[in-house]
Structures are given as C-alpha cells and as structure tokens.
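See below for the structure under consideration.
Should a chain be cited, it is by its letter among A, B, C and D, assigned in written order, with residues numbered from 1 in that chain.
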Amino acid sequence: MPALLRSLLALLATLWLISMLTFAATSLRSPQEVAQSALGRGVAQEQIDAFVEQQGLEGSLPRRYGRWLGDFVTGDWGTSPITQLPVAQELGPRLRNSLILAVVALLLALPPSIAIGLAVARRRGGRTDVAVTTGSVVLAALPEFVVGVVLMWLLAVQAGLLPVDSSGLAFGGLGEQVEAFALPALTLALVLAPQFVRMVRAAAIDVIAQPYVRAAVLRGLPARTVLWRHVLPNTAGQLVNVVAVNLVWLIGGVIVVENVFAFQGIGQRLVTAVSQGDVPTVQALAMVTGVLFLAISVAADAIVARVEAGTR
Amino acid sequence: MRRRGGSAIRAVLRAPEGRIGAALALLVLAIVVLGPALAPYPPEKLGVGAPSAGPSAEHLLGTDTLGRDVLSRVLCGGASVIVIPLIAVLLAQLVGGGLGLAAGYLGGRWDAILTRLFDVVMTLPPLLLVLVLIAGLGSSAPVLAVVVALVFLPRAGRIARAATRSVAGADYVVAARLRGESAGYVVGREILPNIAGPLMADAALRLTYAIIFVATLNFLGLGVQPPRPDWAVMISEGRATIAVTPLGVLAPAVAIAALSVSANLIADALTAHWSPDVRRAGVH
Amino acid sequence: MAALEIAGLRVGFEQARGDVTPVVWDVALDLHAGRVTALVGESGCGKSTVALAAMGYVAPGGTLLGGRARLGDVDLLGLPPRRLKSVWGRQIAYVGQNASLALNPALTVGRHFEEVLRRHAGMRRPAARARTAELLEAVALPDPEAARTRRPHAFSGGQQQRIALALALACRPGVLLLDEPTTGLDPTTQARVAALIRALVTEQGVATLFVSHDLGLVGTLADEIGVMYAGELVELGAAADVVARPVHPYARALLEATPRLDGGAVRGLPGAPPSAVVRDRCAFHPRCAVGDHSCAGAPVILRPVVPGHLARCLKPGAAAPSAPAAVVPAAAPPETTPLLVARDVVCRYPRRDQAAVDGVSLQLAAGETIAIVGESGSGKSTLLRALAGVHPLADGELTLDGQPLAPAAAARPRQVRARLQLVFQNPDASLNPRQTVGEIVRRPLRLLRDDVGREQEEAAVAALLERVQLPAAFADRRPGQLSGGQRQRVALARAFAARPHVLLCDEVTSALDVSVQAAIVELIVELAREQGTAVVMVSHDLPLVRSCARRVVVMRAGRVCEEGEVARLFATPRHPYTAELLAACAALEPGAGRSAASMA
Amino acid sequence: GGRGAGASGAVAISSDALGPRGGTARLLLGGGGPRLVLDPATQVNEPDAIVDGLLYDGLVRLHDDWRVEPRLATRWESDAAQRVWRFELRDGVTFHDGRPLTAKDVVYSLRRLLDERLGSAVYPRLNGELRPDGVRAAGSGAVELRLTQPDAFLPVALGARHCKIVPAGTTDFSRAIGTGPFRLRSLDQSKLSFELERNPGFWQEGLPRLDRIEGMLANDQASLVQSVASGRFHFGGFIDPSLASSAEASGDARLLAHRSALFNDLVAAADSEPFTNPDVRTALKLAIDREQILSLAYKGHGSIAHDVPVRTADPFFAEGLAHRTRDVDEARRLLRRAGYPNGIDLELLTAPAGAAMVDMAVVAKESLAEAGIRVSVQQRPAGTYYDAVWLKEAFYVDTWVLRHPLDAMAVMFESSAPWNEARLRSPRLDELLREARSTGERSEQAQLLGAAQTLVADQAGFVCPAWLDELYVAKPELAGVGFNATDLVDFQRASLG
C-alpha cells in the first residue's frame, strides 16, 4: 500500500532527524570533558584516552554520528560510562515499568473522563457542567509534581493508605508491586483526566449539535441509544486524536512523576542521566521515546482513519 | 460575534472564569513584586526561628529545616517561574509566530520546509527535548529561557501558520492582493488584526505550559538552584520533611498552582472569546 | 378532521440572559391526510421552529410559550417527554433540512432503519431488513439490498434525501414534517425529489407539512400555502390562489423577487425582516409599498380576504403605487472590438489530473453582461479567478483591449488592475471583519485612482455608499454590524470604487435571500449601465441569469458546451445538457402544472 | 613493634548477647551511586561499603577508637624498624564457593590494590611505602609485607574498607565471592536491588543471625524515612540530618547514629587567589561559627571539629586546638592586613552530593558574613560535581568519611598526595608524618601527630567546623546493628526480634 509506505518513509525521515538533533545536542561538550566527568576523581590522561576510545568519542562529529547511528540501529546502544552497564540492558525493565505506568494511568483516566464528558455535554451550561469545566481548567493547570506531592501528603502521609514512593517495584510481593504503581498512576490520571474530559465534552457538544442527533431524537429513540450509539461513535475519531496528542504530555508526565515517587522507569533514569552527563543513556532514551511517540502517532492516525473511514 | 472594542483585557473580564483568573494573577503578581518588601524576614536568613517549627504568630507558615521563615521564602520565591516563562513565551511567540506568519503567507516551498521543520521538533516530547538540550548546554536561567522557547517555538509557529492560512485564503485578502496591496499592508492590516486575538489566546495558553515547565525543571533540580528561594525548589526540598512541616511544601505548591491556574483561566477566557471553536488539543 | 391541528403556537428563544424573545406567535395550521401544506418565508421567519414545535420539540434555549398541536385526540404539546418519544417516529415523523447531515455518518443505512423499526414496530432483524428493502424501493433507490449495508456518505445528496424520506415513512406515520427537504440540491435533483414526495404523500395519504423558502417550488407541489413573516402567518390559502393571486404585499413581493425562466423582470424587496415577533402593528409595514400610517397603529389580525384565503393585512390585494423600473437586460451594444478575451484557458489544481478549466475561450465586449452557468464543480469560479489573476493559467492567454494581459494580478500594471474587479459569492468572507466600511471602500480609491486625492476620499466614499444605497454613516461600521445584503453592497461599492471596465461576479447573490438577491442584481445592472462596465456573472441560477444577462455561456466539466444569446438559448437549447438544465428549472417554476413536477 | 592477636580458628560467640536467628531484613540505602560496586577495591559510595562489608572480609577491621580487630588475620607483628610486617591467617576459613582461604589469595588481593591502573582509593595511602613485589606469602598460613619506608600504622591502613580479601585470580566480581557472613543471591543493577543470604560456612560460629538481607539503593532521600516508617523496610540510611526530626516524628522508626563518622569541609585551595594569602585562610577559620553549623546544618547530630580531620575524642587529637575560639574581630583584622579592608566577596560551590553539604554551605555563609566575608553559594549538580569542581575550583565544599588521623592527614595534606585539595605544600608536615610512621612508640606517635594537626589547623586551606553523625532509621525489631570505621554499618550481629 503506497500510503502506508509513504507514511513509513516519513516516519523514518523524522526519526533520522531526531537522531541528528539528539546527537548534536548531546555532543556539545568535547570528548575530553565527557571523559573527565564520567571518570571522576583524579584520573590519569591514559585513562581518559582509553575512555575516549572505548566510548567511541574520537574522530570528527559527522564520523562519530555515523558510527553511533550504525551501532544504534544494530542494537548496540553503548555502555553507560556512569553505571558501566550496557544501556540497552539497563533500559529494558525500566521501559517496561514506564509503559505499564502509562497504560495504567490511561486506563484509569479514560473511561471516567468519557462518562463525565458525555454527561456534562448533555446538560451543557448546567451547574455540574460549569463545575466540571472550571475544575478541569484548574486541574489541567497544575504541574504534575504539585499534584503528586499533594497526593503523597494526603494519601501516604496523612491517611497512610499507600507507600510514599515506588521502591516496592524493585522487590517485594505482587501487592507491593501493585502499590508501587498506585500513586504515580493516580497522579498521571489526575493530570490527564481534565484534558480528556474537556475534549470529550467539546467533541460531544459538537456532535450533539449535529442535525443527525436531533433527527435521532425526533425519531423517538431513547436517550441512551442516542448518546451511546449516535453521539459516542462520532466523537471516537477526535477522541483517539486527543488521546494521541495527550500521550506526548503523558510521556512528559511520566518523566516528572517517576521522579516524584522514585519510580524506576525511563523518566527517572533520564533525569539522572542528564544531571550526570551520561550521554549514551540520554541519546538512547531520546531515540526510544521518539520511536515510541512516533509509533503512537502513526497508530493513532491509522485508528482515526479507520474510525472515520465511514464518516468521511 | 462582535469583535469590536474587544481589547484582550475586556475579553478576559467578561467571562467569570476570566475574572477569577485575572484576580488570581494580580494577587500572584503582587506577591512576586511586593513580596520581597513584605517578607517579615530575609528569605535566606537562617535560624530566624526554631528549625522545622509549625506555624506560629511570628512565623505564619512555620520554618524550614534551617530555621528560615517559610512565608518569607514563599513571598520571594516566585521570580523565576514568572520571568523565565514570560521571556520564553515572548521569544517563542515572536520568532515562531513570525516564521509561521511568513510560512502561512508565502506558502509554497518555504511553507513546506518550515512546516516540516516545526513538525520534526514537535515530534520530540517537550520535556525530553528540554532535558536533552540541558544535557548538552548545562543549566542556567538564560539557557532555560531559550530552551523552553525552543520547545514552544514550533508550536507557536504552527498556530500562527494555521491562523494565517485560514485568513490568507479569505476573499478579502484575495481582494487586497488584486488591488495590488504591498505584502506589508496585507500582513499588517488584513491578516494580523484577524489573527492577533487567537494568537494572544494561544500565547496565554502557552504561558501556562511554560510556567508548568519551568517549575518542573526547577523541581527536577535542573533549573534554579538553592539556596535562592524558589517555589518548585522549596517543594522538591521540602518533600522529604513533608510529614513534619507540610506547610513548607503545601504553601509553595499553592503559590505555583495559583500562578498556573490563573494563567490557564485567562487563557481559557481568551480562547473562548477569540476562537470558541479552536480545538485545544490541536494547539499544543 | 385534520390529522394534525396546530393552534395558537407560540415559541420564544432566550436571547440575552433570561430574556425570552418570542420568534413564533399564534400560528394556526391544519394538516390533512394526503395533502401537502407548505410554509414559506424569508430566512429566520420561524418556519423550522413551527415545524419542530408542532411535534412538541423546541431546540435548546427555546421555550414553548403556548399553543396546541392535536394529533388525533392527544395534544403533543402537553405530553411528557416519555410519551412524546413513543409518538415521534411512529405517528409523526420529521425530515430535517439537508439530509446528508440528518443521517448519522457512523451508522450504516440499515442500522438507521433497524433502530426505528425495532423501537416503534418491535421488529426483529430479519423483518426489519425486509421492511427496509421495501421502503428503499418505494423511494426508488437503486439496489436497495446493497444500500442497506453502506454508510450515508456513499450516497449522493438526492439519494440521501430519499433515504431520509424512507426512514421517516418507516413506521407509516400519519403526519410528515419536511423542513426544506430540497434546499441545497441542484435543480435537476430538486425536481426529482419534489416529485417523489408528492407521489408518496398522495399514495400513502400522509398529512404533510412542507417547509421551504422557495415560493416557486411550493406552488407546484403543495395543496395549501402558508406565508410566514416575522414569526406570524401573514397569508394562508390554496396553493394555486396564493401563487396566482397573492393578497399580502409580502407574498407578492416574494413572488416578484423570484426570477422566472420566462425572463420576467425581478424586483427586489428592500430592507430586512425584524428578528423577533412584532405584536403591536403590522410587522411588514416598514418594508411595505402599499401600507400607510394606519398599518403602524395597531395589531393586524389574520382574516379571510376571500373564503379560504386568509391574510394579515389592512389593505389586502392593493396594487403597489408605481412599481419601480424592473431590471431589464442591457441592450446589446454595437459590435465593437472585444474588451476582454480569453483564449483556450486551462487551469489546474495541484494533485488533480482533471483540469478544472479545460480549454475555455471567451469574449466580452465593453458594456456587455454575460452569464456563465453550469452545475456545481463545472469550473465557473476557477475560470473567473483566472480572469481576475488569482488563479494561474496552465495554458491559454488573456488579452484586455487587444493587449496581452498578465495572468497573475501582481504582474499587471496598476491601471489594468483597476479595470478588472472581482466580487465574491459570500460577502461575509470578502470583507475584512476588522476594518470599517470606510476603510474598505477607501483602499481602492487610494491605490487605484489617481483622480481622487486624499482630502477628497471621504466625500468619494460617501458618494459610493450612496450609490449602493447605504447611508454615509455606515462608513464607521464594521462588516459584523451589517446584514448580508448590506455587506454585499459594501463589496460592490469597493469594486466600483476602482471604476472598473470589467466586473467579475462570482455567484454574488447565492448566499442571500431571494428578496435581497433581486435587489443586488438590480443594483449591479444599474451601476454597470451607468458606468458602461462589462459584467461577467457566474451563477447556477438560470432564471436569475435570464433576467440580467444578454449572452449565456453554459459550462460542464471545465468546458463550454453551449454559448449564445439568452433568448435564443432558452428557447432552443442545442446541447442536451442545456436542455436538461432548462427542463429542471421549468419544473420548479411557480405556476408550472403539477404534471410537470411528476417527472422523476 | 605493632602487635595484635585473637583466638585462632572458629570464634565462639556467647549467644546470650545475640538476638534470635532467622528472618529477612530489608535495607534501603541512600547516598549510593548509579550502581552497586561489588569489587571492594574500587568501591565508591556508602552502600558499596555496607554491602561489600557483608560479602567480604579483610585481614583486620578498625573500630572508631582505632582498635584493630583481627579478622582473617589472627596475629601480626613487625620488625623494630616498622618495615617488615607479618600477618598470620585464620585457619579453616572458606570462600563462598567452598575454596579455602590461603596466603595466595591474600597476596593477590593486596597486590591488586597496589596496581595504579585499578584506581583503588587506598592506592595513594600505600603507594609510597609498598610495592607489589613487597607482598609475599610466608608459607600457606601467613603473608609478609616488606615496606620501602617505615610504617607503624600499616595494620590501620589495611583496615580500610577497600582492603578485602578475594580469591586469587578474581577479575569478575559480579558473583561477589568473599568470606563474609553473607553471600550474594541476586543482584539487579538496573533496579539497584540485591538479595543476600546467610553464609553457612562463616568462620564466626553462630553468626550471622539473619537468614537473608534484601536491599535496594534509594536515589531519593525524600522517601527514605517514610519508607522505613511505613514498615516496608527495616533499615534505611543515610538520613540527611535535616530529615532526622521527621524520622523521630514518624513514631515507629528510631534513629540510629554512627557518631561523628564524617565531616564536610570548606576547601580554600592555597594555590588560588585570594587563598594564596594565609591570612585569608585563617580569617575563614576564625570567622566561621562552628556551633551554628552543628546546630542548624547538622541539627546537633555531630560534634565540633577544629579544622583537622581528627575528632576531639580521638586518642591522637591535639588538645590545644580545642581551646581556640571564634574571633570575628581578629578575622576582620587579618582580612584588612591581607588587603581587604572592606571585606571580601567569594563564590562558594556546593552540591547535594553528600549529607548536609548544601545546608553546611548555606549556614557557613551566615557566620562568615559577620566578618565581612560575603559568600554567594552556588549549587552545582551532584552528578558532575566531583569531576567539574573537586580539585579544580578554588572554594568549595567537600565531604569525607572518618579515617585514622594519620591516614586522613596523609591522604589530604601530604605534599605528594593526589587528593591534596587544600594544596598544602609543607615539608615540615611531610616530615612529621614520616616520623610518626617510623616509630612504634605510642606517645611519640601522639606527639608527632599532634604537631601535624597544629600545623594543618594553622596553615591548611581547610575549614572543618563540625563532625557529622551518619544517621540511619531502623524499625525497633531490628536489633544488634553495629558501626565501625571499616564497613560503616555491620549487620553480622543484627537480628529481627
């Protein structure tokens, strides 16, 4: 299918540009500096030289880029100079954790948001609608870490219901593993939900105003049928788009929330890697996140196309 | 919809949420501007009270672990989360908006190139992009402003381009071109007045995100560094002692919330006024 | 006994906070089985509101202020919502304006039928399917079986309208409410759907309300016509009577504003209707040619003028004093050298194989008015934009006064730009909402006119506004504060400010009501004659064209398929497509016999 | 000559002093690096020390009072010149994989430390006096160390936590084969978590008491206390002193302190302006308010220090130093004399790289200001602090853990020491330290080290206002946790009640 091929090529081109951008941004420091900061306390020049060679820091920037890209696509993501671990191996489990976290948060946020959004759209302008709308504007404006810290205070410190952090993820039984997800996922869901509610509401209001909805009502169909059969399917396309768009923010949110709750995911790793100057890890994470994000966008586009196939 | 006499301020004040937002914003701004003068103690002065003390008459919000007055620190801690986002958004709006306007007006190859460029930058999740850049550039207030501006630049550009395009195709612009108006006139008199409103609403919305953004970077320890008082840094530092001195975290949290919420309320009112149909999802 | 008896219907809408403005007042209508009652009037006079309120439905923001709608022995307006829902779709059915919007794009056609049949007839799927096929066949939809599994977008506008009609008839309702069921369809399709409706109504004995703004159309279709103005019925009578002998000045004005294929003159109706019900005097008085001060004194009631023909007028049937000169096509100018010539013009859009304009040649003499007609998408607008210099030519050439004319407006010298002016279809989009009328009209003066100095501009603007019959004070208004007709006048003033030699008009009236439309056409013809301007008028409205142009060019799929003098072409079309166009229009002419409408 | 002894073979422990056997203790260790280093010779951070201390054993172990406890060595002695040392090894000790401990293993382990390329932290301490070929086996049950210059403190040096004994030939430390009380069950470097289990063949009978230890490294100070208080962990540390009160407030956990086990110091490098002038260095020491730092930055968890890396309670502490008091006027006078009549502006760098490092700088700023030393505190990211700042900048905060006085001064102030952050170049100090090493006489040692401390306190650009306790939180049921100068925390006798 040429359309698919074209979008795939566009995707690859974008990825390539991302890789250049990332590589350029992380290669601003000279190899010497990188080695110094990685090796730390009083090192000999020989060690620095060895490091530069081992990390593939010698040669011109384009050559280094070429080498790095070649290695990257063949699965060799380098070794973190800080942890001495192969980057790919280190990121695997963290990536899994982060993905689960994102999915859990999404599942936590989406269904109630749809229900609430549809409900208030139906009684647009009512007191509940105003309350929900204003509430979502307020909630949407709160930084993730503020929501997270407040939840931590309420649920963990005051009520003692949940652990304050996600260290249960590293070991501990299933219960502790599950608990480890609770606060981060809840925080993310709270940050996402207002966006979703607003979008569902706006989309549903649009659809409800459509003549075909009034036509359905005037055919004597019950309200439930009208809402779920006639309104919801027509918001689906927009909804998928909204979810896809919000996933960018979800990725950002995951980074923040992981750092609030010491959750062992890629976001936490990214921030430490940035502050430690762990270049290979930062590069790999940028690429992984880029791929993930693009995959999501493409998937969303495909779904939207499918959903809207019938509706032009 | 009547668009006449619709100065942004009046548009904001007309909507109830806009009024609340404006009041809140004024309050926060007053705190930031007058705070240093009002602070009962120097914000960095140690041991003005017993460390980690609860609220009292002398220390309305208690003290932190070094015995500094939390109230004074809150009063003095808002500068960076206001100034840096403002500069960043201004930069993004000027540069990105300018480019977007050019792309939208010129169309053709320039449009294609710029749009593609915007798209590429936008494919990187914003926080990731900022972190990557900070990894390369290090962190300081100017770097922060530029980096955040860079994140928002393509978004501002896209909006400006879309707005320009929607107007550039309008018959009245065609009419102007048929008359042989100069590009300056067409852009300045025919296009800009019609997109200024939406762009302003968009900038206000972006400001909300910039505030969240800068606060988040400060929180992650990649922005403003202690001991300078800063709301997000206070939260980050106070998190550990939240059980003992919750006010040391909750007070700056409320301050940040007030700031970003007020910005968002204003943005919301502006959006509702200028472009009731703009899908906010498409905006960021 | 009437199948649906509407009496004393009053509806209001919440305008500002808390204020309810009445928009429909004391409407009374009886619908009888097997008969079509039409409701006509200008946009916003409350037709749709009446149709919906007759079912017991008021759009959000609206309130029912009073009245009855008796269906058998129940009053729909007194029913609780639950009961209403079992009546809707079963005993009384509604088809909304523009069927393509009235069918849910996410559901298959079959699904729409299934839902209704299950709900009101308790039918299971197989039974519902059979009934669906039967219904689709009744509305003459090709291949009903296959149609069931497709979604609405897979059908043309006319077919969608048929589906919507079939859906309304699914449960054999006694009453059918149709809100402008043919608006937006091209004339040919319009005629077919109208004929179908008529046939079904007669056949199934349904009492039908037919809402339309087209008096010509309903004259051929309806048994009875109600004319609405400002939320009130102003005339009600047998269709033939109302069309042939309208008694209310408003009904007469509407009829006179409707262009006729036979070339009869159209006359515009100045002014605009009030936006709310006027109860203390005759609402039409400010626009009325025959009324006097007595009309403004007291409310006027609807009363019989002759038996069975009611009107809300103190001077029913009075002739207008001295009818203003009707529009007459410009006299044929002496055969001089052509002013504007297009030779073998080809225009394309990116990523489209088919050229939008495919080798069109055209000649325009000074002072001449020609019309370009053709169905939607035939390339009329593109051709016009190419002439104006805003669409690039893929091939061909243009000359003005024998001199080659640069294809791009930007490349044309200033004087040349002044000589060609373009007026757009939609006056909303062609005026910058952020500029005042004064600024809008002043720009071409400054840019394209050497003879008007800065200090004379203000006077010139005032003069131009006066010429298009707008008060000089309007110079300070912005487009948002004007009505559609007024905006189009501003657009004309802007075009004439440059003293053009050629005026290019792209469907300048199709966004306007008939009444306004006639006035604008009048104005164009008058100004053009005054200044000796040649006019190219693009339209898909044949009768309108007939009333103002001397020569017609018929386009189809980017090519000219016939060209000729109006009289000749309308009398003896040579191209089968022209004939088809004419036939469709003829079927919709006021007064055309019902037999003509039954062609399907 | 130096001499030490202990019973040979299995060591019996009177069991009544010990808690019950069994149970799994969970540790949450903060202050760690990005990975857990299982090679004891190159270990870096505190969690490495604690975990490696459980997995490996050294020849000796140091207590806070510099008592040298026999571990894998049962006896040691030197010749009169303090040049040739002989250590006798404990019988019947086996590694986790069942191999018996031999002199070969000890020789291999010690020689590794002397390899410059390995970069062990004890290398600078031993490098000057011991070459790899100076380490020899003396039969299978003893080793002999021949020094190039006298060192009476060699057993103390070997009590460093890096000097653990590993099987000869080990290059891969991922399995952590040692002779310690616990052995490694699993380690997940990406999660920074580990599981240890009792070493059934441990040479000290009856120990350890715990069956298992699970732990993880916490990257986040903030949640350490809460995590222990909420019951998910039995033991957490280090706790920043600023969090001590919250540990005390959160009912169910108690605070444990390894008294005065570390210090933060201000480094004023003598080779950079304005610290080239000794008056400026001395002004800093006179102006700083030690009490304030102890009470505010350290919340009282520590003790006053006197600008030497030796605690007041240390047997080698130079008494006279304790009588020096804060003198702001004198500090001003010195500054005037140095050419700063209007005071001086300084930029002090710090990082959240160790307990209270930032708070210490912030508090120091206060008292220095009173003497006209106006400090602006600049916080740098912890991750790159030791690369970008340490040993490079002029004025910054550093942190050290407790060392033996001689070790500490040798590592920090000897002219040739690579970690001479203060840039002290004093032949006299080098001489004093050399002499102290070469005498076995306790009183002479004390006198020489005392003189060295006085010199450091007078001259070095090294401002050390207070010692800081290493703080931990523990659940009450965890008993028997000990502290020492080698492994920091010792869980050998820990038990769950």
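Operating definition for what follows: contacts are C-beta pairs under 8 Å (C-beta built on N, C-alpha and C of every residue); 3 or more make two chains touch, one makes a residue touch a chain.
Going by UniProt, the chains are A, B = Binding-protein-dependent transport systems inner membrane component; C = Oligopeptide/dipeptide ABC transporter, ATPase subunit.
Here the structure is a predicted model, which means the values were calculated and not measured.
Trainee: So which one's got more C-beta contacts, A-D or B-C?
Mentor: If we tally the C-beta pairs in contact for A-D and B-C, the bigger total goes to A-D.
Trainee: Please work out the Cα centroid separation of subunit A and subunit D, and write it as a whole number of Å.
Mentor: Taking the average C-alpha coordinate of subunit A and of subunit D, the gap between them is 42 Å.
Trainee: For subunit C versus subunit D, what separation do you get between their C-alpha means, in angstrom?
Mentor: Inter-chain centre distance comes to 92 Å.
Trainee: How many Å are there between the centre of subunit B and the centre of subunit C, using C-alpha atoms for each centre?
Mentor: One centre to the other, that is 48 Å.
Trainee: From the mean C-alpha coordinate of subunit A to that of subunit B, what's the distance rounded to whole Å?
Mentor: Chain centres of subunit A and subunit B, defined by C-alpha means, are spaced 21 Å apart.
Trainee: Out of subunit C, which residues touch more than one other chain, so two or more?
Mentor: In subunit C, nothing touches at least two other chains.
Trainee: Which positions in subunit B touch two or more other chains at once?
Mentor: Residue numbers touching two or more other chains: 221-222, 239, 242-243.
Trainee: Two or more other chains touching the same residue: where does that happen in subunit D?
Mentor: Residues 222-223, 226, 381 of subunit D touch two or more partner chains.
Trainee: Can you identify all of the chain pairs that touch?
Mentor: Taking the chains two at a time, the touching pairs are A-B, A-C, A-D, B-C, B-D.
Trainee: Please give the residue numbers of subunit B that touch subunit A in the complex, ascending.
Mentor: 17, 119-121, 123-128, 131-137, 208, 212, 215-216, 219-222, 232, 235-236, 239, 242-243, 246, 249-250, 253, 256-257, 260-261, 263-265, 268, 279-282, 284
Trainee: Along subunit A, where are the residues that touch subunit D in the complex?
Mentor: Residue list for subunit A touching subunit D: 36-44, 47, 80, 82-85, 89-94, 156-157, 160, 163-165, 167-172, 176, 261-262, 264, 268, 272, 275-278.
Trainee: Quick one: in the complex, what on subunit D touches subunit B?
Mentor: On the subunit D side, the touching residues are 221-226, 229, 240, 242-243, 245-246, 249-250, 292, 296-297, 299, 352, 358-359, 361-363, 365-366, 377-381.
Trainee: Residue numbers of subunit A touching subunit C in their complex, please.
Mentor: Residues in contact with subunit C: 124, 210-222, 225, 229-230, 233-234, 236, 310-312.
Trainee: Please name which positions on subunit D make contact with subunit A in the complex.
Mentor: 28, 33-35, 116-117, 119, 188-193, 195, 214, 216, 218-220, 222-223, 226-227, 230, 232-233, 381-384, 386-388, 390-391, 418-419
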